[in-house]
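Here the structure is laid out as C-alpha cells; the discussion comes afterwards.
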C-alpha cells in the first residue's frame, strides 16, 4: 500500500472548484486514487473527499496543509481536514456491561479488518474486564457514584488517560453514562454512540420497551456523533429489522443486538477511513 | 372457492382453549382450512383466527354467532368477530390531491387481486375525479371551508353516504384532513390511514421535510388504524427505504411514494382478508 | 426548469481527466448543475455524468457533440452520449396479460412523475386494451402464431411502428415473448425487462415455482437491459422480500408483483433521467 | 426457568389432529407454554411444535416418547422428535482460516445468549487456534493432504472426537472442505453451513467474484443444512445487502462477512431452540 494524503473539504459551491482542486494535485504530480464530491443544492455547498499518493508529490507532506490554507481557504472559503494514511487513528472504547458491540469491534480489529489502534477500554464497571483481557487491551474502571458527586473528577481522569494514550476518537459501545458537555466539546464529532432505536423515534432510556409498547412492526439502531443534546447528534448509519406481534421486549433486545453491533461497526469503519464529513448536524458519507 | 366462516377471537389464555374451539368445529363437521393462534405471554392473552368450510357444517350460518356466544363467550371471556367469505367488505376511499396510493388501490381492485367492493371515492377536492372516472367509480366532493365552519355538516353528509353505500371500512389514501372524533368512533379500528413516516418518528405535517432536517439515513411509511389521537393508532404495517445525504426533500417525497402505496395496500389486503385483530392499541396480524 | 445538456462518458482513467472535462464546460460559461464520476480501479476505467445549463453556454447545442469528439474523443479514447433535457425520451410498453407493471408505469406517467412520452402500447393479446384505453394510449395487438411462423413479419411490423412513433426505448412490462436477436440489436441496451426472480437465480420460466421448490427464504425481482442471451443482460435494479415456509407458489406470485412493479419503475426512472451507463455487461448507475 | 418437553412432529393433515395432541398434554396435566403449527396445503401435511412444562406432567419423561409412538404414530402416521429443555445441545465448530463467524458464535456463547455447549473446535489449519484459546475451548487440527489421500482417516478421527465429546450438531463456520457423504450421513440435517451467496445463485467457489462478474445489485448469504449435493441442502436462513457498481470483489468480501456471521448465527439460534423441522429439502421455521 502506498502512502496517501486524504483531504476532506467543504465550501460554498462555485464554478471551477473541482478543477481547481484536482489541478492543484495533478500539477504537483500527485496521483489521485479517490475522488468523491457532492453538491448540496439546497444550501449551495460543495463537499469533497480526495485522496492521492504522496510518493512523487512535489509538496512535502508537512507543507501541504499550509499550501491549501494559503492558496484556497480564503479564496474559496474552504474548511478542510487533512489526513495521512500512515497516521492510524487511535480509538478508545467506552463500555458498561454488555459485550456484543465490544466483541464485534475487537474481533474486527484483531482480524486486521481495521487500520486502527485501540490503546484502552474504559468502563464504569468491572464486568467487561475479561473481554479486554482476552484481547490483551488495558482496561480501566472509573466508577461514578450514584449521586454523580465525583463525575467531574472521574471525567478529568478519563480525559487525562485519553490524552496520555493519544486517543483521536471515542466509541461508546453501549456505554450507559451521559458524558458531560466538557468532554463532548473536547472531541467534537469524534465520539460515536450507538442508540438502540431508529432515531428520532424512542429517544432516551429503554427504547425496545418503548417500541414494544407502541406496537411498531420494525425496530432499528442508530449510530451518531455525540453532541450536547441527548441522541440528537449527526446520524452516521441506521439499520432496521422486521418484528411481529409475537415479539416480546426480551426478543426485541436480542434481535436488536445484531443491529446495534453491525450499525456501530459500520459507522466506526467509515470514521476510520476518514469518509465522514459533518455539516449542519448531518453527515456526508463518502462512498 | 368454497364458502367459509372466519372466526377471530381473543380471551385470557387458559388450558385447553385451542382444543375446545377446534373440537367445536370438528364435532359439527366443519373442515378447518386455516388456523393461526398466538399467546401473548406478557398479558396472558390468547388470540386466534380459524376458518372452516360452511359446506356440511351442522350449525346454520345464522346461528353460529349465537352458539359461540352461548357456549364459550362467558365461560372463557371470549371476544370474537365472525365473518363469512361470501360477504365482501365494502371499502370507501378518501383522497385529496395525490394519485399514487389511489391508483395502487384501484389497480389491484380492477385486476381482481382483492375480494372487495368500492362503492365510492370521497374527496375534499376535484383533482382526483379523473382517476375515479377512469375506473368508473362514483366520486363525491365534500368541500370543507378553510375556517372549518361547515365541518360538522360535511361529515354528516359523508356519514350518510357511507351508510347508504353500506361501507364497512374506510381507507385514507393520503387524505389531508383530520377526521372528527365522532366519525372515528363510527368506524372503530375500521379506518386505515397511511402516514408518510416511520412512526412514531415525525408525527404530523411534512414528515419528509422533518426527516431531511434530522438527517436520517432511512425513511419509512406506516399504515395504521385511525384513533382519536393523531398518528397514534394501532400500527398495521411499516416499511422503510435507505436514503443518503444526496437526497433532497423532493427526492424523499418521490422515494416515499413507493413506500406509501405498497405499505397502505398491504394493510388493506390484511384487512380485507380479516387477518387483523386489535388489542391494546396494537395489531395481531395473522399469517 | 432551465434546459440542460447531459454528457455520459467513459474512457481509460488518466491524470487530469476530470479537470479537463469540467474546464471545458466552465471555460465556455456552462453552469454545472450535476457531476458524478466513478473510477473502476479493477479495469482502470473512468466514468462520468455531467450536466450543465445550456443558457449562456458559448458553444451552440448542435455543435457540442462535434467539439467533444474533436477535442477529446481521440486524445482520451472517450466514448460518450450527449442528451438534452428538452428532448424527452419516447417509451413503448410491451405487455402480455398482467396489469400490475403496466398500471404502475402509466400511473407515474399520468401523474407527471416522469419526463417521458408513451406513444404506444404493444401486446400479443387483447387483454390489456382496457388499461390502455383508460389512459388514452394507442394499443396495438400483434399476434404471434403458436408455431412462431409469423414471428419475423410481426417483429417487422412492430419495428415499423416503433420507427414511425420515434420510440427511443422499450419497456417489457411482463411481456411473455422472447425478442429476436435482430430486434434486440436495433435497441442495444435500450430494452428494459423485468424478470421475476433475483437473477441469476431462477432464470427462465416460472421462477416463483422454482423458488418454492428450492425453499428459499427471500424472493426477488430484477430489471435488466435485454441482450441476446436470456435473462443475462446488464442488471439495472434488484430488490427482494422475505418469505416463509407458509408461502405457496400463489402467494409468492402475489408478493412478487409488488417487487416487480417497483423494481421495473425504478429502472425506467433511471433510464429516463439518463443516469445509466453500461460497460462490460454491467451498469453504472449515477446518483 | 421450568423444565419443558419440546415435541416437533409432522403427519398427513387430518381433522382433529391439533385437538388430539393438545388434549394429550392437557389431560395429563401438562401446561402448554408454546404451540405453533402449520398446514402445507399443497402437500396436505401438518407440522407442529409444542412445548409444555414437565413439572406436574403425569407421564414420566422417559416414557413420553413411548406413549406418543404407541398412541399416535401409527394412527396418524406421525413422525416426531422429542427434546427436553434441560438436555443442552452440544455443538462442534469447524473452521478454516477466517475468524468473523467463529468470533460471532463464540461471543454469543460466552455472553450466555445460547443454551449450548461447545466442547471442541475442529480445523484443517492452525490459524484460528488463538481464537479458541481466547475462549478456552479445545482446538483440534486435522490436516488433510493436498491429494486428499488421508481424507478417510482424518474424517474417522474427527468422527471419533465428535462421538467422544457427545456432539449433537456441527457448524461449518467458513470451513473450506467438502465433507464426505459418510460424515454427512452420520449427522443428517445436523450440519449447518454458511454459504457466502444468495443461493441458489453462485453455487461453489468464490461466489463474491461471481457476483462481481455478473454485476448484481444485491449480495446475500445463506445458511443451510448440509446434504450430499453441494450447496443444495434445506435453506434455514438468508439475508442480503445492497451493493453498487462502486463495489470491488474485495469490498463485497468485506460487506459479505457481516451477512455471513449474522445469517449463520440466526440459523444456529433456531437449531439450538429446536425450532426447525425439515421436510422435502425445505425447512419449517417455527416462530
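Letters are used for the chains, namely A, B, C and D, taken in the order the chains are written, and counting of residues starts over at 1 for each.
The rule we apply is simple: contacts are C-beta pairs under 8 Å (C-beta built on N, C-alpha and C of every residue); 3 or more make two chains touch, one makes a residue touch a chain.
Here the structure is a predicted model, which is why all the values come from computation and not from measurement.
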Remotest chain, chain B as reference, centres from CA atoms: A
Between A-C and A-B, the pair with more C-beta contacts: A-B
Same-site or different-site touching of chain B by its copy chain C, using the half cut: same
Inter-chain centre distance, chain A versus chain C - centres from mean C-alpha coordinates, in Å: 38
Between chain C and chain B, distance of the C-alpha-averaged centres to the nearest whole Å: 36
Per-residue multi-chain contacts in chain A, two or more chains: 41, 244, 246
Residue numbers on chain D that touch chain C, as the complex places them: 38, 40-42, 198-202, 214-218, 220, 234-240, 244-246, 248-249, 281-285
Residues of chain A touching chain D in the complex: 99-100, 103-104, 107-108, 110-111, 113, 134-135, 244, 246, 254, 257-258, 262, 265-266, 287
Chain A-touching residues of chain C, taken from the complex the two chains share: 15-16, 18-19, 22-23, 26, 31-35, 37, 39, 41, 242
